[in-house]
Amino acid sequence: MADQPTSMERFIQGILPENPVYRQLLGLCPTLAVTNGMKAAITMACAVGFVLLCANVMISLIRNLLKPHLRIVIFTLTIATFVTIADRFLAAYMYEMSKTLGPYIPLIIVNCIIICRCEVCASKQPVITAASDALGQSIGYGLALSSVAAVREILGTGMFFEIRVLPTAWPDWVIMVLPPGAFLTFGLLLGWVNWMTSRYAAKKQVKGSL
Amino acid sequence: MEGLKDNKIVQAWLVLLLAVLFGGALSGVQMTLGPAIEANKINETRQKVPELLGPSSANGESLDIVSRSVNVDRQGKKVFYSVYEASVNGKPAGWVAKAVGQGYADKIELLLGLDPGLNKITGLFILEQKETPGLGNKIVTPEWRGQFIEKSIQSPLEVVKTGAETPYEINAITGATISSRSVTEIINSAVKDLKKPLSGQTRPLE
Amino acid sequence: MSYLIDIVLIALSAALINNFVLYYFVGICPFIGVSRKVEMAFGMGCAVTFVISIAAIMSWTITTFVLMPGAPLSAWVAGFFVSSESAAKIDLTILSYIVYIFAIASSVQFVEMYVRKFFPLLYKSFGVFLPLITTNCAILFACLKIMSNIVGVDDPADAWDLGRSLTLAVFGGVGFTIAISIMAGIREELELCDIPKPFKGAAITLITGGILAMAFMGFTGVDSGLKKAMTPAPSIEMKAPQNTAQ
């Protein structure tokens, strides 16, 4: 257990090196579904962050009482409860947004990121570590969602956060805000991230050998 | 005591405890947020009523809005409408009906404002649609919706590609004739269904 | 007749027009993970279709009798504790997400045990995918769609019955199978292609999925046209002569 990362390292790792979307390919449904506008993407990322943080802290608090065969049941129960709370909160204070996101808020329950973090980190680590891990992962998730959403919203509607950024002469690429645009944008971004990572790794290797 | 320890239910004490705890938390959430959510749902359509009845309807006075449901028999099929009846100081100010119908993609849900005498359309608002972005979803723009205001409902409205001239014609959106026609058809059938049950009575009907 | 039209439209919409994977983006994880071989993809699709139907029956039953506002069973139980007026107003929809996910998890468990015991051949072909399905968004999504068509309608007579719910679920599963099998077929060919290294695996699958989604967009509008064709008489008789320009 000597090389266990500290809470700070876990926080940083979640953002880029172990980004839940680009590196681990987790939680892809919302990454594709709610990224046709920045506002929806940010709201979704906040909801996932809230659930992830609460679930991680909760699981970490009761980690010594967990029995192996009842572990998953408890995870699911916790996550489903916090998702319901997040859903009701959105419906009460951001009604328009909750209608836009529709079924994708309850679908957080089956989002692999949360159950994966509970299993890998929260059920073994103290509260502070679990919380910082959750924060790092949620920031990484938010970054990934907003990167896809930014590309799609700017190219698809010429707007960013619903404010016009491209000249009106820009012919809106409607396909970008439609379902195929999600697949194409995310596929290209994923390839680009892979390429950058491999280049970065190659550079590091060259430096190390010198 | 040993038997108790091996019992499956006792082993699951943590699950049961958490279930009770979360149940309590959820009922707390429901108590605090429930009224706000209900209000949101009702206001979504109700707030639109004054706008849909046109600027002259209220004359700055507050509208009394009563909601009711109307069941209509359309060719042997029961059709259901939510209707808001607005009045100012007991005098009828107009009707707002919620109508649903098939669009190009999925359903279109709209609010239709009618004057108290059921002669003309006073407003139109699209509540929900999934038409093609950039083409069909232009039905939500005020410019296109504005065409319907002040149109008479004595005879069905009709969609033409360009250059609407007669009072019963509506210009289609370029590249989205089907969406335009769907909205017009929803309005036509709603008007046809509602004319009889609404005319002549200004107070509750079931 | 109109019921039959309804069923056909729901089926068509779930399987092709609003395909679960290519339009709603649910079940993306298996779409990328289990689409290397056509047989595997087909097995996964069958397993999902099977479980989704069972989950749909369960969720329809639970929603109609227990969860929805004023549901008969919960009102009857509540009637023992409170006055009958407040019992009739009982609304348990807040519990729906928790109930659905546990209904899905337990039905997957039962299906797995049952199939392993009685249909060992079937189990061999798609049994390995069953545990994976619990966290498949497509199943929960179908349950949520059914719920929104029961709870979220203005007119109680418009609420979906078991037939419509089951149609949505079965054809949603069929749509998933179609999408994942096509994807697997394309990927088998892609193996032989010279793909730039960073795009190998998930990235190229997503881009291919994008092109597939574009192809499926061609189905948009089929339902409205079909509805018009199948409805016997036009609902509005036009006074003015038909405009031939359209």
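The chains carry the letters A, B and C, assigned in the order they are written, with residues numbered from 1 in each.
Methods note: a contact is a pair of C-beta atoms (placed from the backbone, for glycine too) under 8 Å apart; a residue touches a chain by one contact, two chains touch by 3 or more.
Source: prediction; values computed, not measured.
Judged by the touch criterion defined above, the protein chains are all mutually in contact, each touching every other.
Across the two interfaces under comparison, A-B and A-C, the one joined by more C-beta contacts turns out to be A-C.
Taking the mean of all protein C-alpha atoms as the reference point, the chain centroid lying nearest to it belongs to C.
Chain A and chain C have Cα centroids lying 24 Å from one another. Averaged C-alpha coordinates put the centre of chain A at 35 Å from the centre of chain B.
Across the assembly, chain B contributes residues 22, 26, 29-30, 132 that each touch 2 or more other chains.
Shared interface positions of chain A, defined as residues touching 2 or more other chains, are 77, 81, 84, 88, 178.
Residue positions 94-95, 98 of chain C each touch two or more of the other chains.
Chain C makes touch with chain A in their complex at residues 22-29, 32, 94-95, 97-98, 101-102, 105, 134-137, 140-141, 144-145, 148, 196-199, 202-207, 209-211, 213-214, 217.
Looking at the complex, you find that chain A touches chain B at residues 62, 65-67, 70, 73-74, 77-78, 81, 84-85, 88-89, 91-93, 95, 156, 172, 174, 177-178.
Within the complex formed with chain C, the chain B residues making contact are 22, 26-27, 29-30, 69, 74-75, 77-78, 80, 82, 98, 102-106, 132, 155-156, 158-161, 168, 177-178, 181-182, 185, 188-189, 192. Residue ranges of chain A in contact with chain C, taken from their complex: 25, 28-29, 32-33, 76-77, 80-81, 83-84, 87-88, 103, 106-107, 109-112, 115, 175, 178-184, 186-188, 190-192, 194-195, 198. Contact residues on chain B toward chain A in their complex (touch as defined above): 11-12, 14-15, 18-19, 22, 25-26, 29-30, 33-34, 36-37, 40-41, 44, 132-135.
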